[in-house]
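Two complexes, one shared chain (chain A), two partners (chain B, chain C).
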Partner chain A sequence: MSLAGPVLATTVAAPSALAGGVNVIAVGVLLAEFGMFRQAMLRDQVRLYAAQSALLSALAVVVAATRHLPELYALAGLSFALKVVVVPIVLHRMLRGIGVIGGDPRWPAGSYSGSARSGSTDIAGSHALGVASAVLVAIAVAAFGFFTVAALGLASPVLPATALSVSVAVILVAFVLMIVRRDVVSQAIGFLSLENGVSLTALVVAAGLPLILEIAFLFDLLVAAVVFGLLIRVHHGRAESMSTADLTSLRG
Partner chain B sequence: MHVILLLLLTLPLAAAIACLRVPANAARLVSALTGVVSFALVLALVPAAAHGTVSYLRFLRVDALSVVFLLATGFLYGAVAVYSVGYLKAGQQPHARYSRRFWIGLNIFAWAMLAAPMMSNLGLLWVAIEVTTVVSALLVAIEDTDGAAEAAWKYVLLASAGLALALLATVFIYYAGAHVLGQSYDLGFSQLLAAGPRLPHAAVELAFVLAVLGFGTKTGLVPVHTWLPDAHSEAPTPVSALLSGSLLAVSFYAILRYYQVAVAALGSRYPRNVLLVFGVASLLLAMVYLFGQRDIKRLLAYSSVEHMGILAIGVSFGAPGALAGVLLHVLGHAAAKGNAFMGAGVLVRKLGSKRITAIRGGLDVLPWSGPLFILAIFALGAMPPFGLFRSEFEIVAGGLDSRSYAVAAILVVGVTAAFLGLAGSVTRVVMLPLAGSAPARGEPSGWMVVPVVVGVLALLLLGLHPPAELTTLFGRAVTLLDGRTS
Partner chain C sequence: MTADLPIPVVQFCQVVTTAVAAPGVSGVISRVEARLQGRAGPRILQPYYDLAKLFRKEALAPEGSSWVFLAAPLAAMACYLTVPLLIPVLTTFGLPLGYMGDILGGGFILSLASFLVALAALDTGSPYAQLGASRAKTFAAITEPVVLFVVFTVALVTGTDLPYALAATVRSSAGQIIRPAHLLAAAALFLVILYETGRIPVETHTGTNEFGMIEEARPFEHSGPYFALLRWGSAMKQLILYTILINVFVAPWGLASTPGLLPVLLAIAALVGKAALLGVVVAVIDNSFAKLRLFKITEFTAAAFLLAVLGVFTLYLGGG
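This part shows the complex of A and B:
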């Protein structure tokens, strides 16, 4: 935050309680995004996604309370139910069905499809870059997003500019996550957290978005999560692994 | 009119639900009938939309621009549904589960594509387009092959990531509108357009670029087109035809809506320049890839990238003639690309390969589909007397009108080169004799010929003498795009 001080000093007066709370939660979401880089276990990644989504629901409550938008309480509840409970459960179920949730005693490594690789090693080996390099790249990209948004001149008196910059950083880091991980589950989680980044932006800049639209977006996310799960199963059924390293036959 | 909107919104969905329960024969019949009826319903909308806007229930809104895209989608839905009856009969996968999934998916896919241009607000427009993504990804994966699994994964991941950017565009356009319309408004398209001149510039510029990038991913604009050749080549042929002819167009429709708002807020220069960059990149890259393709469906997929580039360039010219050409091009491309994919599908079914080097003797073994396929390729290459000749002529003339001589020249060169690439491969496929034993001469199914004949007739109609109602419709849509009236 202190880094951004000089840049944003012209647009933000003194951080109010609202701006402070929003900023803290937004940074929490960004940290969860970074956490996904080092998770080697599928289950932990799904949990981290759930935690990130829970932070978003908390943010919705904060914004609802401070800006007197009662609809946002409903959104917070719905978003919690879907993103913290239903989507992780759906992903868990689908992954357990094909035995790739690592460490599940009912699915010891090698017991499915004749594959010797267990779910956890599948993911751990899926970095295109080392974890440290990936995090460094992500920090650079996040910083880029953070400062460019501040320079775009979107500011208005009602806009928490710092939180907006953080939310754009989350979106860019989610893209990095999708790019550097080479397994289908991490890529799917990367997409879901990308959507979390967009939701964060929506809460920051468009808090008044009608509830009916928010519900439609959430419903869409649920359908997308189910389709991602189905296609992960299709992929696993054919490739007998989670890796995307073999998806190279279509080119030109 | 309101009844027609409701029917269009419910019929395909009802057909999909019916396909869940009824036996396979009935599913075929229901789907083919729904497709044809949907097109008839869209046709019935034309006169009303040519003279004004039809709104209903707050969330439905159809104007001349929407109807152009509804026509493209409705036409292909009908054609493809009829074609699929023959396609499934002639295939090696006659088992019931496959065809049931296929029909359900096809109807939901068409439903989402018909719903998107009818939405009155930019949020629901995004939702409808996202639904098309997830449904069509499952349809791409329906062929149980390694290629299909790979293509479906790449498609769903890239298109969803693109649409996340489009959602961001929706958020920022909402933010822009909130400055004028207050904190809670429902993102209605007419409201935004009316508020246009008072919208803050920075937010609208950001939203427009994000929308072009996001929806452009689904339109297949370079450099975010990379999923497109994979999905088009690995999907079942009827799905490829719908992906190429309607899905890309419907996504382009979303870009046009943002274009309208951007023109109202920023003036025309900025949005046109953005579209110009994407358009020229798409045209040039597709032109290169059209030479030396080995897979016949990938060849047609790159031709789609080329045509989407032409659409973007046409809008960037901004002259009324070019805009009318763009709208005609949407319809012509739907018919021609649908025909080309359906013709290629017959060849692939008959000769059992997608490889251009392996398919030979199309004219010898297919008395109808062979010549029809050649006609479709000529139509795609904008040969007279087909519709795409007229539309590309209008676009180039519009470019000269607006003094964009260099871009118009690039357009002419690109289109010509693309035609040579396309025609070179296709001539070999159809004309060269088949080495070894040829399958018996004859069509796999009459169901696969009739829609293609109808497509050729439609292309001739568009090229030789577009109906007066259609010309009025285009005129109305051009004034909307032009920003002279709202």
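This part shows the complex of A and C:
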């Protein structure tokens, strides 16, 4: 597109308003992933997950409206209901049940809150690296994802290729999250947000994926949330802590 | 009404506007902050009265301090008076001296001023002033990469790093505003400005607790007119940074496109209004967040760095 300003030949031309908006949403998904990565409070991590899923649903609606793929509306609605409402509520209830977020006045005290144990469920110090260094590592990994996918030169008929690179960066940062954080809940959140990254990729490369497949994925996610909930409960019941450091002794 | 002002007069107006309006913007921020906390708060004009009072007082220098101590406030003020020549304060068209330096040039002059103030603080031998100076330089070193990446973004978008060119590009179409690179760079710059002006996630602006002080601790030993110059200078630095954010990145509208008297007056009013609005936003942030512990400031700068780097990445992918 032509620009009115003084522009030289070396500039990067602005994308169209639609592509720009789509890219902004995709980058928002990535920023939410980074937010979960550095967030020290479980409650806020879950909220960021809900926000990320909401952004993804918004992106699905945008694609549905602009590319005339009406089945994506159903997908957006379903993924909103599951990932923005049900899964965060399930996680919240479970965390409240074991007293992790019982200290918050808005969440009535759970069975363990107030006891000496509630301190052991804190995840604030669960970074294996310092937060700033961990963010720098994640930036490097995200950059790797960005540029390797860009080098493949994949083009998509529905969304700009930048969104694809961003989605791969989301997936990689989710991996780094799971590796760097040493508490069960962060790792579960990392896994769930990994699925968000995959959904974003699917939206870019295969927006017309049959609805039944997408729905199957979403129910897989629900199962994953329940399984993770169970694992977190069992782990907390045995170790009385969210930390996975105790599991190291299981190594052969 | 269409009588054109001579161009040098317009350029002079840029400096005078910045110098005169700067304490007022500080006044607006502290007033809004106080109102949000349920206090009556000082008058908006209070910073002007403070400056007038300080200019009437006698100046004292600590024993053993050298000429650097007294020269630094004057030299820093000179730096702050130079930067408004380089950035689009009032006009959309480049003024003759505006091409003396680009964004990096302006950044260098601002850091020179901050370096001189730190030097004066070191010269005093006072532990708190020295602590402030050393902290300010340490954290300046880690915010510098953020500024550089913001400049890279600007350079990739416009092919030059003249602030006038970016402002013109932003005005040119809506697509230039909602591209991720622009939003990310503007957000990163905003975080840097919060750091540079000593606002809340980094530093309590009005606090008296020396342990958390960074910028505020540096002029501890200065007094009288010299202290007034430092206070005025830091207010000017704040308005200069706000101007860069507003007139180059976020809202480069309401600037004069001709050197007529009326457009220039309107541009002055628009600038003051926009800066006051940004000040209100900053005051709300001041009241909504807690100050970070000193060792957590790296996390804050890491977040700013993340935004700036992502901006450059998306540009390289061609979708920024």
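Criterion: the second predicted complex is superposed on the first by the 215 of 252 C-alpha atoms of A that agree within 3 Å, B and C clash if a C-alpha of one lies under 4 Å from a C-alpha of the other, contacts with A are read in each partner's own complex, and residues count from 1 in each chain.
Heads up, the rule we're going with is that a contact is a pair of C-beta atoms (placed from the backbone, for glycine too) under 8 Å apart; a residue touches a chain by one contact, two chains touch by 3 or more.
None of the values given here were measured: they were computed from a predicted structure.
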Contacts of A:Ala216 with chain B and chain C, given as first, second, both or neither: first
Which superposed partner A:Val131 touches (first chain B, second chain C, both, neither): second
Partner chain in contact with A:Ala58 - chain B first, chain C second, else both or neither: neither
Which superposed partner A:Phe34 touches (first chain B, second chain C, both, neither): second
Touched partner set for A:Val234, first chain B, second chain C, both or neither: first
Partner chain(s) touched by A:Gly208 [first = chain B, second = chain C, both, neither]: first
Chain A positions touched by chain B in one structure and by chain C in the second: none
Complex interface listing, chain C residues touching chain A: 156-160, 165, 168-169, 171-176, 178-181, 183-184, 296, 298-299, 301-303, 305-307, 309-310, 313-320
Contact footprint of chain C on chain A as seen in their complex: 1, 3-12, 14-17, 19-21, 23-24, 26-27, 30-31, 34, 38, 130-132, 135-136, 139, 142-143, 146-147, 150, 160-163, 165-166
List of chain A residues in touch with chain B within their complex: 69, 152-154, 156, 159, 171, 175, 178, 184, 187-188, 191, 194-195, 198, 201-202, 205-210, 212-213, 216-217, 220, 223-224, 227-228, 230-231, 234-235, 237-239, 244, 247, 249-250, 252
Chain B residues within the chain A interface of the complex: 121, 123-124, 126-127, 130-131, 133-134, 137-138, 141, 146-147, 149-154, 156-157, 160-161, 164, 167-168, 171-172, 174-175, 178-179, 182-187, 200, 202-203, 206, 229-230, 233-234, 289, 293-294, 298
